[in-house]
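Next come two complexes built around chain A: one with chain B, the other with chain C.
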Partner chain A sequence: MRQHCGVSRHHCPLLLRALALSVSAMLGTVIAFILISGAEALMTGQGLGLFGAVWNPAAGKFGILPMIQATLLLAFSSLGLGWCLSLGCCCVLNGLAPRWAARWLRGLLTLMTAVPTVVYGFAAVFLLVPPIRDALGGTGFCWLTAGLLLALQGVPAMTFIMDGAVRSIAAESRLTATALGMTTAQHLSRVVLPLASRPLLSAAILGLGRAVGDALLPTMLAGNAIRFAHTPLDSMRTLTAHISLVLSSDIGGGEHLSLLLAGALLLTFCAVFSLLSRRMARRVRS
Partner chain B sequence: MKFLKNSAWLLVFVLAASAAAAAPLDAFRDLEGTLDIAGGTAHIPVMTQAAQDIMTFNPKIRITVAGGGSGVGVKQVGEGLAGIGNTGRPLKPAEVEKFGLRTFPFAIDGVALAVHPANPVRNLTKDQVAAIYSGSVTDWKDLGGEPGAINVYGREDGSGTRETFTNKLLGKTELAPTVNVVSSNGAMKTAIAQDRRAIGYVGIGHLDSSIAGVSIDGHVPSQENAASGEYPVVRDLFMNTKGEPTGLTAAFIDYIYSEPGAKIIEKSGYIPIPRNSK
Partner chain C sequence: MRGVREFFLAALGWFALAVISLGLICLVGFLFVRGLPVIDLQLLFGSTPAWDAILALRPVWDGIWPAVAGTLSLLAVTMALVLVPGIACGVYLACFATPRERDWIGECVDVLAGIPSIVMGLFGLELIILLRRTFLPRGTTCLLLAATCLAILVLPVLVTAVRSAIEALPRSLTLTADALGLSRNQTVRRLLIPAAGPGILGGVILVMGRAMEDTAVIMLTGAVANAGLPAGLTSKFEALPFRIYYTAAQYTGAEELKRGFGTAVLLLLLSWVLILSAKILQRQLARRWAA
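Moving on, here comes the complex of A and B:
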């Protein structure tokens, strides 16, 4: 310890603690700033119907309810799909498929983590939007397109989290399971996955956070019309897409206030998800 | 003696002539430092070309050009983060008052309604456009096209292109909530070029063979018609500074208004506006 820090043993924890404190304080001020701006927007924006269903700047109505609905719909639908895909990938990596297939999949997933989101979005504009428009109708810029891409984009990170946990649990119990005459599939489904429920859950929470927070794919693919989406072919605008669209154009006024509120809401969503996941994880453990 | 005097005069003339020819860039000879430019995306081709010319002439000068949109232009120049903030719309009185901005209109850009090249509809009345964007006409067969739902595309709130389009064509018409929103001229072109049932709008400079311009009440969208006033959906492009510009910022604005500046503006697909003409 001494040679690493260059100061006495007593000072080291103090310095570390000071660093930790200052970083937490910085984060805390950012969070406080966002929440306070959101609250201020609500106060000054009374009469603008900020929590309403109507977005009509000409009439002075700046309701972001349709965007809240779009954010939650898109996040949960893409998470549902993406989580199932990730679970499948994780099982393939851990013995459910021949070794060469597992190696191939791992390479593909590693490659996918290196691809920037904008490339997914750009490719989808040319490769996914036209077939969806021609086959199913609508404009092709819709909930379905954005949801599919968002699910796909989240798969590598979720898979690797699951894989880390599943691999170590499987290694611990493999001998016993084999001695009991279990096949690999039985071992995975009856022993390993139930024991790995906590990491599986934390993978879902991570995926949910990313799905709620991603701005680029919804902006490029979801159509951005401000209305309640009823079918997967409807165009929708998420809170993140709203922020990225309006930020680039205007300051002051109802639009600006709606952004501040949208930011505070996004932060609140993520905080609630993470608190819920902790509580659930504790329950699972006990 | 007379010969000497004549030669001297000749020398003076030659020097004066060469100085005049090199004048626009000469202003940058003794300058150095950094100029940050931000704002309207329509301005970017003009700004980057001018910046390249200047930085090649005098490498001690660094000019950065960023986009972000008209609102970002106002905000950045107002808060002192950029030397020049570009807008594709006139400044609002509140913005001028809050930041003490000076504005310099330098080019005219038209906004053209556009459809897929395979779409037979090439002329619409102002009322028809308003009906499409308000959602009261939703099928191409009502406009003389092949039957099929109209996929309507627009730009984000506060986009200069959208503001020009709305002010000149829609007036107080309420936009349908089903209008899809894209965030740049490029994204609009991509959306229209791929979708046979699409309608949208772009800056006239962005019209090319991938999309087809639509005439408004018989007025064909083209740069020439925008300059002559024959085509009605036009806007001015502005540079804005906080207070009276000085030093590098002033020299840059002078360069945009100079002869080579006008050439750059034309090459970018816009029509130059002479200084103080408005």
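Moving on, here comes the complex of A and C:
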């Protein structure tokens, strides 16, 4: 990391410094606000079984455990698929396939980064849900549908992170590998990928954060029933979908408290993931 | 000689290529086949004459013009809120911050960049509830609130883009400026910022794309299905992505569904135009300093 203008903060215009510091103070406040609301919800809602397994508003039970399970199931399953796809894409970009294929894939991935999530969801409701309903039964709005789309949506971001690391490592060792008579595939699989294990893991963590945090695909495609999902054809409601669905008018009631707790949980998950991924990227660089 | 590992890797690569190509072509092709024929003036304005609708002389009942206008005004307010602090913070981080500040602010920006947008929507909702309890008893979710939350959501993206655009400039620029006796201030203002201009502009466009497509924030902070044209900063509004979401969930007839497909294709094309222009600007910057 390079610093352009030395360290002399005395030369920095006061206004610029004030703006920068107030921006970071504001960001810190937002994070604190969400966390404190969540903690407060946990304190006030002690009788409501917020961390329990039962969601039954009539009985005064507002357990969000099924949603936590749904969030984790959906995130990890879609990450598994998406990460493998990204690894394949990354190898194609780095010489495993002919150049035309790499160029075509790079163009596709760039276009994919810009497809709005809501457009993915909209298309899937009419393109993917009916065949799944007809072929496998159920309503079609299930773990499987949401997982497939979530995996597809996460591929470009992960691929570009992997590609950056793999490209620089491959460039360092390509001459040697060629001199030893290795093919590109051998070079990639025996030398580059083992060396790139940390960036590959860091991409996975980043993808996990994205998958946990996405709200629209689960809301539009996963069916939103509050219960533990057992098979891929079960309907599920994730934490994000819970927040986007409940427009409770009873402020301070059980539903509202469960929203706050869900928000704080999501924030914690995602903050931990992005800090981890940052640490890992930094260790690679040094 | 080919080992098992090489074979699997090649298989994985071609499989991924096939899945991505097939997936995207099916998705986009399906949308275009259903949506492209629908895109015309009637999609935007319905049966209202175009100029009357644009000048807000007559309301539009069966077109998506209110959603377009809502998205545009949301974008305008968001960008007005985010541009100055975002660019200032990026420049500060790249040029003036001490190592400790860089660590702290950088960490904060990273954490915030990972926040799910729905959580930011929840933040907006809680904020307005808090304000109602204290000194704004009549406040509701509105355009200004949505724009504020969107601005906070995209702020880290802008900061990172500005910072990396400046840090990507060659070191020799600063050295030359020092040798010529320019002060730090002069170097930054006259040399680094203009030189990184295309990159910064690219970041701004990228952020516009993010703000335009985000649905999760606005559905909690003031977007509704039938608001008409946005009446002001404190009124509810319609937006393109929310319109698409709403149509998928509760369309009532073939006509409405057709409009939904048109809206989806329109949003997709707009996003592509934005990202392509951002890419072109950033490539221009890279090429200029490659020599």
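In this section, the second predicted complex is superposed on the first by the 248 of 286 C-alpha atoms of A that agree within 3 Å, B and C clash if a C-alpha of one lies under 4 Å from a C-alpha of the other, contacts with A are read in each partner's own complex, and residues count from 1 in each chain.
Quick note on the criterion: contacts are C-beta pairs under 8 Å (C-beta built on N, C-alpha and C of every residue); 3 or more make two chains touch, one makes a residue touch a chain.
For clarity, every value in this text was computed on a predicted model and none was experimentally measured.
Trainee: Specify the partner with more touching residues on chain A, choosing between chain B and chain C.
Mentor: Larger number of chain A residues touched: C.
Trainee: Using the superposition on chain A described above, determine whether A:Arg237 touches chain B (first), chain C (second), both, or neither.
Mentor: Only chain B is touched by A:Arg237; chain C is not.
Trainee: Of the partners chain B and chain C, which touch A:Ala204 in the superposed model: first, second, both, neither?
Mentor: Neither partner.
Trainee: Check whether A:Ala20 is in contact with chain B, with chain C, with both or with neither, and answer first, second, both or neither.
Mentor: The second partner, chain C, only.
Trainee: Using the superposition on chain A described above, determine whether A:Pro57 touches chain B (first), chain C (second), both, or neither.
Mentor: first
Trainee: Where does A:Cys89 make contact in the superposed view: on chain B (first), on chain C (second), on both, or on neither?
Mentor: Only chain C is touched by A:Cys89; chain B is not.
Trainee: Touching A:Arg227 in the superposition: chain B (first), chain C (second), both, neither?
Mentor: first
Trainee: First (chain B), second (chain C), both or neither: which does A:Thr139 touch?
Mentor: First partner only, chain B.
Trainee: Thinking of the overlay built on chain A, is A:Val125 touched by chain B (first), by chain C (second), by both, or by neither?
Mentor: Both partners.
Trainee: Taking the stated contact definition, name every residue in chain A that is touched by chain B in one complex and by chain C in the other, in rising order.
Mentor: Chain A residues touching both partners: 125-126, 220, 244, 251.
Trainee: Sort out for me which residues of chain C touch chain A in the complex.
Mentor: Within the complex, chain C contacts chain A at residues 2-3, 5-6, 9-10, 12-17, 19-21, 23-24, 26-28, 30-31, 34, 84-86, 88-89, 91-99, 102, 104-105, 107-123, 126-127, 129, 152, 155-156, 159, 166-167, 169, 171, 173-174, 183-185, 187-188, 192, 209, 212-213, 215-216, 219-220, 241, 244-245, 247-249, 260, 264, 267-268, 271-272, 274-275, 279.
Trainee: If we count contacts the way the header does, which residues on chain B are in touch with chain A in the complex?
Mentor: That would be residues 68-72, 74-75, 94, 149, 151, 153, 156-159, 172, 174, 177-183, 187, 190-191, 194-195, 198 of chain B.
Trainee: Tell me, which parts of chain A touch chain B in their complex?
Mentor: Touch list, chain A to chain B: 55-59, 125-126, 129-130, 133, 137-141, 219-220, 223-227, 235, 237, 244-252, 255.
Trainee: Inside the complex, what are the residues of chain A that reach chain C?
Mentor: Residues 1-9, 11-13, 15-17, 19-20, 22-24, 26-28, 30-31, 33-34, 37, 84-89, 91-92, 96-97, 101, 104-105, 108-127, 152, 155, 183, 185-186, 188-190, 193, 209, 212-216, 220, 240, 243-244, 251, 259-260, 263, 266-267, 270-271, 273-275, 278 of chain A touch chain C in their complex.
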